[in-house]
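Next up: some structures, all given as structure tokens.
Each of the next two complexes has chain A plus one more chain, namely chain B in the first and chain C in the second.
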Partner chain A sequence: MRFLALLKKELRECLPWAVSAAAFLLLFGSLELRSRLQRDVDEYQYRVFERYSEVSGYELGKYPLGDVGLLVFVSAVGLGLALGVRQFWFADFTGTWGFILHRSTHRTTILAAKICAALISLIVAVGLILCYLFWRASLPDYSPVPPPIGSLIGGWMICGIGLLFYLGAGLAGLSKARWYTTKLAGLGFTVWMFFTFTQQWTLWWSFGTLVIGTGVLLYLMWETFLKREF
Partner chain B sequence: MAKRNVLEYVSRPAEAVIALILIMFIVFFAQFLVTELVWLYTYEKPSPPIYPDDPQWRIHRAAKHFLPDGTMHLVHRTDAQDDGDYTKEEITDVNGDILWQGIRKERPFKYLEWESSPREYAEFYGEQQISRMLLSPPLPCVLEVPVKVGEKVKEVWQYDLEAQVFAGYSIKVGLMGYLGANGFALSKAQAQPLGKFEGLALWTDEDPSSIVMLGVTKRRIYQIDFRTHKVETVFDSGQTDIESIRWHRWRPMNPKDSNSSDIQYRPLIDCRTADRRQHLIMREPNQVLTVELPEQMQTRQTSGHWPFKVDFTATSDALFMQYRENHFNPPKSHKLLEQYQREYASKPRPQSLQLYKVIDDGKMELVKQLDWIRPVWEKPYPADSREIIMKWASTMSPPVFDLLWYLFGDSLYEFGSEGVSTMRMMQAYAVIIIEFRPRYSSLNCVLSTAMMMIAFWHGWSRRTSWGKLFVWLVLVGAFNLAGLLAYLALNHTTVIKCPVCGRGRGLERVDCVRCGAELPVPERRKLDLIFDT
Partner chain C sequence: MIDEIVLETQGLTKYYGNVLAVDHIDLKIPRGCICGFVGRNAAGKTTAIKLMLGLLNPTAGSSKLLGCDSTALTPAIRQRIGYVTEGHRLFGWMSIVELERFQRAFFPEQWDGKFFAEMIEYFGLRRKQKVKHLSNGQRAQVSLALALSPNPELLIMDDPTLGLDAAIRRQFLSGMIEIIMREGRTILFSSHILGDVERVADRIVVIDKGVIRADCKLEQFRTAVKKVILAFEDSVPLQVDIDGLLHCGRSENELALILVGAGDDKIAELAKSTGAERYHIVNMNLEDQFIEYTAPTSRGKLFRWEEI
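== the complex of A and B ==
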């Protein structure tokens, strides 16, 4: 019951950020899909190859959801960073931090409630909006060539990057080290894991990188949260 | 063990590893930046090389071409720079007698052309890489081939990664069928998978709206004509993997270009398989010829020394092979390559160019051979200054990289020098180790030792245990500057003057490391309510 109460409280505090991210993705994602539809038609109509020439694979490849992947990335990372900073860096943002910390509950429960609230926000605000955009792009009236399911799976992986940045920002916020020593190491590690994640050639490898990065950050955050003096 | 201790034992090393990795990347970046900046400001354009006036050098440097009857000509560039068609040339026979002088465009001889790798050949992994979804795609995320009629797109063929077939969508009616290994099929279940593509080459013919694809899988080569929905298995290697393909005039040539040569060529694909056989697939008429070359001819050389020793070409009259032998036999270990290259360049080396005619049963008949001696190669221009600067910058690199090079050098080299790897990040780390390793520099050892001494001096008064200090010293010694910075980032604690012995002591430890005196209790003050209650 205490966990649920904490979760509700955290969700309430995450709500403005999650709604902002969802609105951003929905608005610009829809616009991108609309403009892509027109671009596709133009590209197919006007893409001209020379006679007797070799055609590069680059010219025939495309990402079926256009720049929606980039928008998902911006939304997920933006939301992750905002929640991480909001919950751990400026923990007393709404003046409830001291109250929460001195409740008769274990610190792990408090941390779990915060992380669950962030996760739910990411899933709802980014993941579900992405599903809607994918469904919209799959309708025959949108395009005769539907996007492959891999686009949706990849998009969800990109949502996972948001979680990684959330944990990185949270760890940096919790660290008591000076900024020029290891204060920002959590964020640095997140950026490194992000590059590693993007350089994998299969979604499975990307997923593995995400799990490892999340696991390490989660562990360090938990350990820091338990031992830190507030 | 208490739960708190377990957390400590795992989290402290994890923090140290993260800090070390991040600082290492910062140090690498600084090394790279310093190298590039110094190189930029000290760069001097090398003067053009001046070769000794030696007849053997003249032969060695000349381009060697064959006429279809087997006659060999040596083409000497007389201009200092290559100006394409307008380069001045002098053509001699193998005895050095001048046959012609003029600009390349007006050259009166038509020489044999040889096979090459497809120019736009793309290694296609067919995987959905995340960076392709975020950034501009380096390779197709989804391959879509449009088929036009006139100016309008009629169909789009999308490659289905999971089913390994092409799904065809008509712009008007939507899904219309699939192209698999067995040709066109109405349902996905009926279409046989083409297999995972290892490489693709695409081209247009006289109709630029119609694209034809040559798709190479592990064991098959397909040619797919999207306009006619025709899938042709050009070659099936059976149970052996295909290693590489090269081609000559396989795709249709512009009649204007193909008529410029008097030689009538047959379309050719040279497919090399893992069992060391060359399969020569020819058209006009269709023919497949398998050639087993001697071991010496099959060896692929390192770059800069003719990676392929043999080239094929097929004319309407004969099938030719040219074989170049420079007796450059690199050692099996890449760790010895640089040394071998220096030794190779330091002595005159016999060279040979041979022209063979391939008979229908796959046997070779020597047509022409030219042997010469390549004189000692002395670089007529200074060594690359970037290498010298990098050598100095790498003195700050972790000595542990040299250990890794010593233990796994060959694996790292092979992994790092792969053209495109599915594990690009790991490949990048291998390249970093190879490029930034200190190359057994004695200055690197001195600097590493100095870093250890600084860490020891810093850690002596702050140590909480000898074991921890020892581990840190080992890390600093192994990782040089990055190790020292990581150590300082994680171990810097305030030092106070010990009230008993008067020397520095860290606040992390209760007793002084020198005199053993405990930390002084703070003096009570008037308003110190805590002590009063």
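== the complex of A and C ==
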């Protein structure tokens, strides 16, 4: 009951950002699919047979969903950063930490509700919209050959990059160091992990990088949140 | 049971970098006590309260609320403690009814919905009003209703009447009195407004530059801090020697002394020994007493209550 109350509150606070990201991806993704159909049919005919097991996340944009990959990246990273700032920086400005922390629950529950809300927002606002675009691109009226599933998996991994940026922004928000010292270290690590992610040769390696980066940031955020002064 | 200590600090100290915010605070607040925690700006009130609630970690010392160490307050203990934050920071996007629903989830068994509704009605608020559309005073009222409705054993309020006008403050204090009337409830509230403290508190803790300067019954403080005017026919003496002297102001033929703990007989004796033509004790309200008591002393050191 306590967790649900916290989750509901966090989801409500994430809502404007999630809706904005979903609207952005839906609008520009649909436009991209439409224009892609006009210009790239010939090129697409041979690309679709490439081996998607060797596609890196960064290359998603080159495949049949066109520049949707780039849009997914922009939406996921933008949403991740916005949620990180909203949840962990904004409360400092509004001074609501005292109200939220002094209640009959553990700090771990409060943090878990925040992370779950961010995850749900990313999944719904970016992941599900991506699925919708993938489905649209798979319809016969879009192209005779449906896009490969690898592009969808890659897209979901880019949603994972959004989570990485969320954790990085949150960690930076929780840090009490000065901005020119280690405050932004969490975001720095996120950017580094992102570039590492794009340098991998296969989706599996990209996935591995994502899991390691998320794990490290999650651990650091957990520790920081439990010990931090508010 | 009457003497059960619900809030206790021992050598509680907090440094922010090199700045000493709270300096070895020792407090014992018994159950049923209404304690006014007063101090000037940046005296260390908010820091001390946050330390007590475990929102800050002490540099040294410890504090206990309801027998539980502040750095490890369990959800069960927090459930028994109400907290009104400084500035009444609530979620602006929530309406009053949403706030109630949110708060109630954390006090499923003890939430008194009827009391909350009565308080909201008493303050003349509409339940569907968004917090962001409320004035500072209205937010304070909602904040108080939220803190009181779970019927907490211990209520800690950080400057709850800050920025409120006189009428709203009076209403707010009436709300506080509601809980005071409930048996065995303990309140610690910090304030700048000494009139509020005088109205509701039975105990006063004065903090200055992070140091507890007085911790006693309000009445004791009221009778202990005195202003005495000694009038002389000729020139005033250069030195005055009496225990508990805080300040000594001179004019052409008058000495104004601020004394702590000096009895009337001692004052009469002083007047006689200094050759004063006459003397009188000035009636001071609590605010005057507080200002005089916390003003820097001419002796260059802080006066501590234990010295009287």
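Keep in mind that, in the parts below, the second predicted complex is superposed on the first by the 202 of 230 C-alpha atoms of A that agree within 3 Å, B and C clash if a C-alpha of one lies under 4 Å from a C-alpha of the other, contacts with A are read in each partner's own complex, and residues count from 1 in each chain.
Everything that follows uses one rule, which is that a residue touches a chain if its C-beta (ideal position, glycine included) is under 8 Å from a C-beta of that chain, and two chains touch if they have at least 3 such contacts.
Predicted model only: the values in this text are computed from it and were never measured.
Peer 1: Applying the document's definition of touch, where does A:K176 land relative to chain B and chain C: first, second, both, or neither?
Peer 2: neither
Peer 1: For the overlaid complexes, name the partner, chain B or chain C, with more touching residues on chain A.
Peer 2: Between chain B and chain C, B touches the greater number of residues in chain A.
Peer 1: A:S104 contacts which: chain B (first), chain C (second), both, neither?
Peer 2: Only chain C; A:S104 stays clear of chain B.
Peer 1: First (chain B), second (chain C), both or neither: which does A:E229 touch?
Peer 2: second
Peer 1: First (chain B), second (chain C), both or neither: which does A:K9 touch?
Peer 2: second
Peer 1: For chain A, which residues lie in the overlap of the chain B contacts and the chain C contacts?
Peer 2: Touching chain B in the first complex and chain C in the second, residues 227 of chain A appear in both lists.
Peer 1: Can you name the residues of chain A that touch chain C in the complex?
Peer 2: 1-2, 4-5, 8-9, 12-13, 94-99, 101-106, 227, 229-230
Peer 1: Under the stated contact criterion, what part of chain B meets chain A in this complex?
Peer 2: 4, 7-8, 10-11, 14-15, 18-19, 21-22, 25, 118-120, 122, 124-125, 127-135, 137-146, 148, 151-153, 156, 158, 160-162, 169-172, 174, 200-209, 211, 251-254, 257, 422-425, 428, 488-490, 492
Peer 1: List the residues on chain C that touch chain A in their complex, please.
Peer 2: Answer in residue numbers: 50, 53, 55-57, 75-76, 78-79, 81, 83, 85-87, 89-94, 101-102, 105-108.
Peer 1: Considering the complex alone, what residue numbers of chain A touch chain B?
Peer 2: 44-45, 47-58, 60-65, 69-70, 73, 140, 144-145, 147-148, 150-151, 153-155, 157-158, 177, 181-182, 185, 188-189, 192, 195-203, 205-206, 216, 219-220, 223-224, 226-227
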